[in-house]
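Each in structure tokens, the structures are laid out below.
Consider the two complexes below, in which subunit A is the common component and subunit B and subunit C are the respective partners.
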Partner chain A sequence: MELGLFLALLGAALATFLAGIGSSIGVGKAGVAAAGVLAEEPNLFSKVLILMLLPATQGIYGLLVAFLILQGVGIIGGGAGEISNLEGLLYLAASLPIAASGLFSAIHQGKCSVAGIHTVAKKPDTMGKALIIPAMVETYAILALLISILAINGIGALGI
Partner chain B sequence: MAILKMQRISIYALSRYSKDILETLQRMGVMEIEKCRIEDSVFYQTDNASLSASFARSAALMTQAQEIIEEYVKEKKGLLSSLEGRTPLTLEEYENTAAKNPEALKLAYKLLGYKKKINENNSKILAYRAKIDALSPWENLDVPMTFSSTSSSRAIIGSFAEELSKEDIDLKLSQLLPDTDLFDVEVISSSSDMTCVFILCYKEIYEDLMASLRKLGLALPSSSATANPREEIKSLKTRIKKREELIAECEKAIASQASTLYLLRFFEDYYLMKAERYSQLDNISYSPHTFVMTGYIPEKDGEKLKKLLFEKYSAEVELEQAEGEDVPVLLKNNAFTAPAEGVLLSYSAPNRFELDPTAVMAIFYYIFFGMMFSDAGYGLVMSLACGLALLKFKNMEAGLKRSLKMFFYCGLSTTFWGLMFGSFFGDAVSVIFNTFVGKAPPIIPGITTPIWFNPTTGTGPTTLLMFSFLFGIIHLFAGLILQAVNYIRQGNFIYAVYDDLSWILVVTGAVFALLSTDMLSGMMGGFKLPSVFMTVGGIMAGVGALLILIFSGRESKNPLKRLIKGAYNLYGATSYLSDILSYSRLLALGLATGVVAGVFNQLGSMMGNSVAGVILFIVVFIIGHLLNIGINALGAYVHTNRLQFVEFFGKFYTGGGRDFKPYSVNTKHYNIKEDI
Partner chain C sequence: MKSQDFTYAVSRIRMKETKLLSKKDIDRLISQKDYQSTIRLLSELSFGDDTLDKNQILSYEQNKLWALMGELVEDLSVFDVFRLQNDFHNLKVAVKSVYSDVSPYSMMISGGTLSSEKIYDCVRNRNFKDLGDVFCEVAEASLDTILKTGDGQLCDALIDKACLKAIFDLGEKTNEAVIKDYAELFVASSNIKIAVRGSKLNKPLEFFTKSLSFCNTLDTELLAKNAVKGFDEICTYLSQTKYKESVDYIRKSMSSFEKWCDDLLINGLKKQKYEPFTVGPLVAYILAKQNEIKAVRLILIGKQSGLDDTKISERIRELYV
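After this line comes the complex of A and B, so read on.
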């Protein structure tokens, strides 16, 4: 039983910190570019901020999945039941899509955001287009999030 | 949903009216002027670049003058001042204020003069301060720095670059000079890096003493003041004070002009408008007594402008239907859908040959945004914020107004979906009742219980996933239908069958067939179509696929090439699959909002029912939900745009039209508008 709980918690931890690392790197890169642009064009602040925040979502998706796992095993919200080793492993597996996809998609989305920030710095009118390019990368984080959520939801229903 | 009809307009009038007519056109902002090049012996163009530049300089002068006042008079600016927009002026107000032109110029130069005086005095004060700094080590010296001799003695005033006492100096000198009774050393001041000394000696040993002192590193000061240092410092201080008084006077004079700030702002705008007007003069063709100006105007304004220009300036105006690629595009939509025009234009304006898809897009835009944000509380917050801003700031800039209106409607849709899914600041009401009231929450449909179903528990996620796909398919079909309408409008009815009906048949057929299999019925909660749909769906998809295979490569004459092209296009079915799956983000982002909101509610209620618990809850509630609103509204906005731009527009929209940019008042502070 202890191992099962540990595995589930490991899943929650992976989802949070791997996706979190990805978002930190992505937002960090975009932040450096944003600060540079602001030195020349302070009035672009809101536009640049939006572009900079795009890679921040993966970290939140990771948090969300972690929270669902913690809730599923009863670490928060109470009612901690028996967690079998298999159930723990299943939660761990369910956390992997958002953990891995969050890590890499946020980094690459960050790179697109940097490019978008440069685009906006030169042509503020192209904001709409500059916003869509990083959003393309995020699609895969969203798909991963979806599978993680559906999987966690399904494990609870299995009743193992 | 329409693209307004454009007319080509040509204005012919007497040369002396050219500036007046341009001014009228500028204030009306209805006409886009294009360069009129008539190359012959009668007509010629003028070059007004230098005039235009000189007006731009005057505008810059006004900006500088404003900055001077703003530096000394702090203006109260609200947090939301960026929403305020420009102050509107009537034509009469404009003309009355414009008459104060000489006054404003005089004022601007006066302010620049004050600023120059302040700068001069400040640099003088800096120089005096430096002098005082240099003199202050000598403050205890009772003679002027230039004092050198009496009848029998010589004085040496100098400094060493180290800390020395009288004894140190005496000792060092005694090693170099035999007779130490013939001079006297007085240390004026001593600090870690400088020692100032006054040495009195007999005339006879002056040369020797000087040589020895040089060896020890004595430096002679470079002061020419005839008073002694203490008095000199005192006089410098009074001079600084005088200068400071002068500065204060100037500052007061500047501050007293604070009420004229409006005048400077007005004339900044006035000169900006004038500079723009003169640069437009380049686009006009002149003959010795007349001029010609051409451009585009929306049909609805054409006749009115014609009448007005004829009555006012007896100008001859010619209007004709505009045709061709280069005609600019102006959109016209109703109050509910027009706010989404900004989204469309940020992708591309429609070209002259296609429909304006704004109306259809706007409806899907509001629905999808609401599904992704899906919280009644958040939706209310958003709609209230946008609504109040729109009510409070009447003069808001048009673009900003459009965006706020769009988010107002998005907020309403968000509220609707929040009620459908039973989310009001997440599960805030339930958490509050369970933690602080200690009983089960009352059942309020939409707020504690969902009106439709709860997408976060049980089969909720799969159900919503299926509905997301359904909405996605409807969205894609809407795109195909718009393309079909475009074809039909152009008289190519059969293309609508080949390119649009075919895909609708394929996708619908495939959905029917899938829904009648066992594979999906598990996900659909046991829902299954009768097996006859397998056959029906199969036939529909088959017919559609056949249409695509045979006709989609119709541009190729070679039948084999045409079939290969058709097969390749049929392979595009995979893109339909990925397009439809892409709508799963409706579910994922909707869940993200709800679950994160729930996380914050739970975090807030962790300390239970106590005073500290309530305070914690309130703090976490406000910060947490604001954060969640920010990040999820951004996500919903970006991904709604993506669904429109990639999935929806990808099916039919070409774009590439040129946005109509009328020649208009392009100012910073005031909006001078003349209605047509």
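After this line comes the complex of A and C, so read on.
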């Protein structure tokens, strides 16, 4: 029982901290670029803020998956039951898509956001287009989130 | 070279680029009826200040550029390829000022790796070692030359060669492709200018071997030999190198060749507009700003001397924005 629970918790931890690391790097990079633009043109604050926050979503997705795992094993909501080693391993596996995809997609989305912030700095009218480009990277984080959620929901139905 | 993060600096430069003079602004400046109205328009365009004269406006903008770079970049040594040119200019001024016993400061420029005061003091007190390895030898040699011969041109040739060598060495050392390309083109185009000018003055082979500096895209020995033979031989040699397109411009005039070199450089840098993280956009901005200062200088000189608008337009370099 102990090892199974540990593996499930490890999954929740990985989803939170790997996706969180990705988001903090991405938002950090975009934040530096935003600060540079705002030093010259403070009126662009609302536009650069949106672009800067785009890579933050992966961290939220990781948190959501961690919640679902904690709920699935009964750590949240009470009633933590028997967790077999296999079940623990399955929760760990279910966390991996958002953990890995969250880490890398947030870093690359951050780079895209920096470029988008530069585009807005030069041509504020192109905000819509500058937003779509880094938003494309988000697709892969959403796909990973979807698989992680489906997998976690499926584990309960397996009746292991 | 210490690795630096340029994200913040590039972001500020992107905003600064929007404030560079555009082609339309330059056309408006050229079409002004006289010098005073051009100065007023420059002030409206936030270039200089209408209380300043021509030279003060240009040095004000030059100082502003280097103050901005100092603010943006922790270690300015990444721009040594530009800063050294200012140092060597100041060295020329210092050596000639010591020779003629006049104050050098009004002719010296900022934005070098050493302060103008330090350069002048070291030359005046013959304390060459304090100038560092790059300048020590050439400062002593050029001061001795001018004191013995009184030949300012020879002194300039010595300093120019040392400058070209220093820039070439920096280009070889750096990992930044944009600085490497700039250094190579700068040395090669300077060699071509020396060869053409020397050839027109019928200078001997010794002059060329002493003045031309090694670079990767030209064989300086061959260039020197052809320069002794004559102007047409230089053109024949260049038509076999990567600078073959320059031949038509060289045949037209030296200023048209200089414009071709500057345009080649600025067109090569236009791809830096899409580079968000490296030093490239900062290098491009420095060159763009220097091009802008050159353009304004040309316009103001043209307006002062009553030059025709079309003649001024012909000499204006391509703009980065």
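Going forward, the second predicted complex is superposed on the first by the 160 of 160 C-alpha atoms of A that agree within 3 Å, B and C clash if a C-alpha of one lies under 4 Å from a C-alpha of the other, contacts with A are read in each partner's own complex, and residues count from 1 in each chain.
We adopt the following convention: a residue touches a chain if its C-beta (ideal position, glycine included) is under 8 Å from a C-beta of that chain, and two chains touch if they have at least 3 such contacts.
Predicted model only: the values in this text are computed from it and were never measured.
Taken together through their common subunit A, the two structures put subunit B and subunit C side by side without a clash.
By the touch criterion defined above, A:Ile60 lies against subunit B but remains apart from subunit C after alignment on the C-alpha atoms of chain A. Looking at the shared chain after the overlay, A:Ile117 reaches subunit C, while subunit B stays out of its contact range. Of the two partner chains, neither subunit B nor subunit C is touched by A:His108.
Once the two complexes are laid over each other on the shared chain, residue contacts for A:Ala39 go to subunit C alone; subunit B is not touched. Of the two partner chains, subunit B is the only one that A:Ile142 touches; subunit C does not reach it. Panel annotation: after superposition on the shared chain A, the angle at the CA centre of subunit A between subunit B and subunit C (CA centres) reads 50 degrees, nearest 10. The superposed arrangement places subunit B and subunit C with a least CA-CA distance of 8 Å.
No residue of subunit A lies in contact with both subunit B in one complex and subunit C in the other. Residues of subunit C that touch subunit A in their complex: 5, 7-12, 14-18, 274, 276-277.
Subunit A contributes residues 29, 32-37, 39-41, 111, 114-115, 117-118, 121-122 to its touches with subunit C in the complex. In the complex of the two chains, the subunit A residues touching subunit B come out as 50, 53-54, 56-57, 60-61, 63-64, 67-68, 76-77, 127-129, 131-132, 135-136, 138-139, 142-143, 145-146, 149-150, 153, 157. For subunit B in complex with subunit A, the residues that touch the partner chain are 343, 346-347, 457-458, 461-462, 465, 581-582, 584-585, 587-589, 591-592, 595-596, 598-599, 602, 631, 634-635, 638-639, 641-642, 645-646.
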